[in-house]
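Notes follow the structure.
Just so it is clear, A, B, C, D and E label the chains in written order, and each chain counts residues from 1 on its own.
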Amino acid sequence: MNSISEIAKKLLDENRVSAVVGYSIGSLPNKTKTVIVKSSQQAEKLIFNNLCVNNLAIYLTKSFRLTTQKPVAVVMKGCDVKSVTGLIQEKQIEREQVFIIGVKCNGVSEDGKNLSPKCYSCKLQTPKMYDILVGEEEEKNIEFKNPFSDVEEFEKKSLDERWNFWMNELEKCVKCYACRQVCPLCYCEKCIVDKTVPRWIEPHTSKSSNLSWHITRAFHLAGRCTGCGECERACHHNIPLSLLNKKMAKVVYDNFNYQAGLDDKAKSPLADFKFQDKEDFIR
Amino acid sequence: MSRIGVFVCYCGENIGRTVNCSEVTQRAAKLRDVVYSVDYKYMCSDPGQQIIKDAIKKYNLNGIVVASCSPLMHEKTFRHAVVEAGLNPFLCELANIREHCSWVHDDKRNATDKALDLIRMMVEKVKKNLPLDTIKIPVTRRALVIGGGVAGIQAALDIADGGKEVVMVEKSPSIGGHMAQLSETFPTLDCSQCILTPKMVDVNSHKNIKLYTYSEIENVKGYIGNFEITIRKKTRYVDDSICNGCGICIEKCPQKKINSEFNTNLGTRKAIYVPFPQAVPNIPVIDKENCTYFKNGKCKVCEKFCDRNAIKFEQTDEFIKENVGAIVVATGFDLYSIEKERSDNYQGYGEYGYGKDPDIINSLQFERLLSASGPTLGEVTRPSDGKIPETVVFIQCVGSRDKSKGIEFCSKICCMYTAKHTMLYKHKVHNGKAFVFYMDIRAAGKNYDEFVRRAIEEDEAIYLRGRVSRIYREKDKLIVKGADTLIGKQVEIAADLVVLATAMLPQKDTVPFAQKLGIGYDKYHFLSEAHPKLKPIETNTAGIFLAGACQAPKDIPEAVAQASAAASKVLGLCSNDQLEREPYVAYVNESSCIGCEFCLQSCTYSAIENKSIVNSKGELVKKVAYVNKGVCQGCGTCVSICRSKSIDLAGYTDEQIYSEINSMFV
Amino acid sequence: MEEKILTSQFEPKIASFVCTWCTYTGADLAGTSRLKYEPNVRIIRLPCTGRIDYNLIIKAFENGADGILVSGCHPNDCHYSSGNFYARRRFIVFRELLQFIGIDVRRVQFAWVSAAEGAKWAKLVNKFTSEIKDLGQFTNYQKIKRDIFLEEAVI
Amino acid sequence: MKNFKIKNDYKNFVKGLLSLNYLVIAPKYENGILKFSKIKNAAEILSPSEYINTVSSTKEYFFPQTEPVIKFTFEGKEIFLKDVEIGKKPKVVLGLRPCDAASFSILDDIFQYEYKDEFYFTRREKTIIIGAACESNDESCFCTTTGLAPDSSQGADLFIEKNNEEEYFLRAVTEKGERLVEQLIAEVEELEEEPKKNPLYEKIEKQIRKKIDLIEAKKWLDNNFENEKWEELSSQCLSCGSCAYLCPTCHCFDIVDEVNYNSGVRRKNWDACQFDLFTLHSSGHNPRDTKAKRYRQRVMHKFKYYADRFDKTLCTGCGRCIRACPVNIDIYEVVKEFAPLVEQN
Amino acid sequence: MINIYKPYLTRIQEIKIETPDTKTFKLRFDDSEVAEKFNFRAGQFGEYSIFGEGESTFCIASSPTRKGYIECSFKIVGKVTNALKKLDVGDVVGFRGPYGNSFPLEEMYDKNLIFIGGGIGLAPLRSLIWNCLDLREKFKDITILYGARSVSFLVYKDELDEWEKRADIKYYKTVDPGGETKEWNGKIGFVPKILDEICPKPENSVAITCGPPIMIKGVLKSLEKLNFKPEQVITTLENRMKCGFGKCGRCNIGKTYVCIDGPVFNAAELNQLPMDY
């Protein structure tokens, strides 16, 4: 019945992949658990439903980085594939190293009730890139919302309001760096905050060093973040990290007409320039 | 901890007038890790330098801060002094308390405080300075010249005469370039081939020049002093080591009616041909597209008649590797093609009818009509019916200086050659009338304006200031409609022939070529010099120089002058076994580099490459960035782009800058 | 010193990051031309504006800068041909980020000053200094930083 | 120990508390999350029925995320050390669930083992802990496994419960607690007899995840340092450290220096065993170089090592790590992998 | 309030460059009262710090019998050691300690002692060796075997010469094959192999070893072959530490904290530890 598990079984039986990364039933009612299936006996665990919020592209980087020649199969929604595109673009993986089990998606939910904010305005209910596609059900129309509406709303606030807002939010940060750890594009082996010579970002928590970290995070993801929202989901203090990420995406889109995760051949906007880039702010 | 010495200079009164140097010296002595601090009237003087040298020894200093003038002024002086005392020169920094402090401030209190701040910042920086060694790069003392036009020829000859070997690569079957196509040259009207041919022969016979014609650059690897070039020698189907250029094959070839590129399609050639009689090398090429054998599988007449068996139908492209230390790029120009339909960014000149009417030609075609070796043997006739044209209209700035067509620059040479054309035409067709539509006459150059005046005054060329709006045929005549803006009237001329002075553009495919070399180009694809004023010959890739019209429109003397300049640069480079460079280059922390290649993408100089890290079993662990020290110029763009700060710039490391910032406001 | 700050006019602290080929040389020219300008700027010399990362600016703010002046070669004049273009792009994005967070971007000024523009440099410094004087001390940032060393949470 | 009835309502009691010279810390919604924060007026207080538990634990008030241990200044070539003053103002932490209150009786052991960490204990001594019994639970709670219950008062100085008439009363657990109540005599009155237990607590206890036999769990751990399970259990872990940062009993830290130009501070900052840099030697060697080893350390530390040394489990079943884990690694399920449930009557 | 994190201020009195990457500092306490009262036992360690850079853990390399100062030897590998390397005589170093257990000196009385050291691992042994030499009459035979990967990586060269000359010590030195120089008059070969050659008798003996992990492994094997009982073999471990007193939670090997239960372990205890940490 469950075609993902059948596909996984087949891939593993035929020895085509070293593992299948996917979702299984979680231990809590509104959560799914991510699993790395390595044998076909375990493949039946794999499921897909509207609680599969996680972006499994993370399992292609960091400690999961592939050392074997054999590819790994990953269950991916259309939005997750953008991260893979980014990783290919940034030479972290090669297309052949990942077998994408694309799933058609009608939106996912973090709490079992409400649609995840990242799902509004989704244009990728069917993944753009995949090796096999599952999910026969028809695409339901997801309500369209201007993805930048909250950014635009926020920009209307005064300078002081914005500052106070962020100071209140960032004060909560305990620097666990979970936002970094779950981000598929934060794949550095040694993050700038872990570098001690010199230490650009102090490791303690205070408004200023938290600000410094969050500026760094947002800036390093500018033009790269695909908006999967994992950072915000992982933040147990509910810091609105997506707001920063979206702002960066908007700036990059407005100024350089670039959207992350769509073209694996494109140059990243901050490693690039155009002669006619705007300079009205320069004296 | 570090043992820093601070040396405060009064610079006579220059610093001392506004900065209280003795106070600065005393306060500097109390800074962390400063073990010695002293002031002196002129630190750059011999006794001043001696103070530094003595202090280094006496106090065992391992960092020096000289508070004096701009480092651009005396950094070298003090670093040299420091070396004499046995310290690494890069452990000496200058705090600029003159140009940036005493000279620009009036208030003594403020200036003194600021001077101390500047010193403190430098003390903190120098503590993090690392001893550096100048970078030495071995030099292969040979050069590559790309392009066999007059610029390439001149550069090659100058380098070869200077005693260094030259490899010359020309993509067409013969060297000579556009100059070989010209009839006479301005402003002296001497015969182009007469002055060029001897140089071409020289190139061929010079013991230091290795000539590859009908060849192209396949690949360029390496960096200044150490380029490895792969040359694609295209298939001639004629063995150039056997052929003696007797020409019997050409005589016997049955395929006759092929447009001659050299004659700008105004004449014909065979399927086996040399482009022009004086070609160097005088070795024919088979034009595969038009050869009967290649088309039908039968013929081989040339092979039958060649008594040296030089025809080789089975020949294939050959790849040759050459190592050189420097490269001169002299790929020249191409004329802006004026057909209406275009694939590039420019607009065509459909309204002028070029390509539709055979009597509307471009200036290079007119050169061939004028040339004694041209298709008409020097007789000026109309391509349509061979009639001698009695009225010729020359239109200048076709393409050039025309924003609407996408080209804003002035092609520079058109004013001069159009004047020349009117003269040469008049000399050949005495009753002919030459009209010139022009925008401005730009004739700056030795004897140039005199030349134009001569065309107008002696050879009666009629200059009309204005643009032509339309050209159309009425029976035998071409009606040229235009404006004479000086009298403010529309004019209409019934012409027999129209010559368009079209814009100059770089050779087609310059972009992939420039990318192969890793050099810059502008929006018209002209190759970019490293600095428009101070480095007009260099490119931003060290060891690659520019000559001739590949950089911008140029006339012959300019191209030749630049070629000689490039040659002198090459000779300068090749006069040493080794190159020395300041060690301000980027370096990679391989343990934290993750190989995202952002640095590689953003490096202007292509100095960053991929490097594979393998484990003891030989398995690939990861790919990291690798900086080629010979190529890196030390701008540090990569450092900013690296998110994990896995790349740093020697001399301006993150730690040094961090220390400066940290001590800036205390 | 502290008393002076209280009684006299506010003197802003301005950090400046400049490239060595154009602006640093331009500032030298201002000196050789004996042009006078405000003494509030502390220059850090870098090879190119391309070397100026955002974290230098954050660090300068953390260290108490009231304003930051970044300057390098005009477009197409970059000694390294394109470092300033990368910098320009970086600052387009970074300024927007600062603004979004609620930092007045008038405190971060980007400028092109060539080696010949000593006068421009002097004028720029004066104008920027007076602008920062008008904006006042960057207390927002200095407050959050001060927490660390002085006002330790006593709880 | 005595029991006291809260005379008026809970908010009035808090008002009384605020009138004393204490810093009152209690659960409060701040910037969208429920967190232990300073209470300025009684209106802000949530009664024990109004929340399950906070996002983060209360350990930060005893063992802050970042804490200066010594300050230093540079004057010329000299260095001067300056002590850090803490615990100037006494605190009351109010409304801790049994799982949080119990954490202190666990942490006390390690912070005084051989060397007494006065930074922790100064705060401990200057703080009165008022626990509150749970009136609801969620799917993550598993305190019964660690020997606690919705109404266990372990670790608290005072404990708030409901009697079976749905009235709040205070149970004095320590003398320190009792002394505080004595100052609040206007708000409370002493109860003569032991109040009747509210059946709610038993009901909740039954709703909570079934109790796992930790003795069996430890036995398994004793023998299974090497086991393939570790790899399997940790394979999807992202090393984000959320579990450790939210855990009321995790207490690992790093010591880091920070400097300005002329002064600096040495700090204790929270750290987490799931980070790969945690045990990395500067030589590059890392004894816990894989996630399996790090996860094993986490589980072993909680259910074996701590028990070996202090005979206590380094876990109170608060469920925070389960709620926070972005990939749903559930420590309860993990322990259940190798230990049976306790038979219940 | 007693602040267990507060270091003593010490000042560098002497610096010795041992090898290309190792230095020894002789530190004197700033506070004379501390200097007088300070006591430690061989095998204990401390947290050495540069203010502003951080702390680093090394053993105390000097003998407790030499009062008034302590010595430490460190290899330059990380941030702190790189900063330490730059210090001069007179500079301030922070010191917290002594921490950890120590060598069971009293249990070694009247026994034959065999010291087996490798590279910088000689540092903790050196503390004990001098301790024993200063109380020479309490011990029977003393044998020292010391090796390094090459001649330039031998530490405490002056003292090695002294030990070589002393009649009351059997001293063997070795370098790894390929690490010798022309003048080298010691043995060539890995330490465990040389140990096999020396063939010390296990009767009434204690072997104390410290060095790189691979060497310790080999030495333990050799000693086992030579019939040393695990209780007769003592070694000292190192692991990454921050606090030094069992709080920060990173140096444990299984349930054992290297900082408080160690760093000195005998082979019997070592066998109880999970081998790969």
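Quick notes on this one:
In this text, a contact is a pair of C-beta atoms (placed from the backbone, for glycine too) under 8 Å apart; a residue touches a chain by one contact, two chains touch by 3 or more.
Since the model is a prediction, treat every value here as computed from it, not as a measurement.
Touching chain C and chain D together: A, B.
Farthest chain from chain B (centres taken as the mean of C-alpha atoms): D. Rounded to a whole number, the gap between the C-alpha centres of chain A and chain B is 45 angstrom.
A straight line joining the Cα centres of chain B and chain E is 64 Å long.
Computed centre separation for the pair chain A/chain E is 49 angstrom, with centres defined by C-alpha atoms.
A straight line joining the Cα centres of chain C and chain E is 52 Å long.
For chain C, the set of residues that touch two or more other chains comprises 59, 63, 76, 82, 86, 90, 148.
Annotation for chain B: residues 591, 602, 641, 658, 662 touch two or more other chains.
The set of chain E residues touching two or more other chains comprises 54, 79. Contact residues of chain B toward chain E in the complex are 1-3.
Touching chain D in their complex are the following residues of chain A: 26-29, 31-36, 54, 58-59, 62-63, 168-169, 171-172, 174-178, 181-182, 194, 199, 202-206, 230, 233-234, 236-238.
Only residues 30, 32-33, 120, 124, 591, 662-663, 666 of chain B touch chain D when the two sit together in their complex. In the complex of the two chains, the chain C residues touching chain A come out as 54-55, 58-59, 62, 75-76, 82, 85-86, 88-105, 109-112, 124, 140-141, 144-145, 147-148. Within the complex, the chain A residues that touch chain C are 151, 154-155, 159-167, 192, 200-202, 204, 206-209, 211-212, 215-216, 218-219, 222-223, 244, 247-248, 251-252, 255-256, 269-275, 277-279, 281-283.
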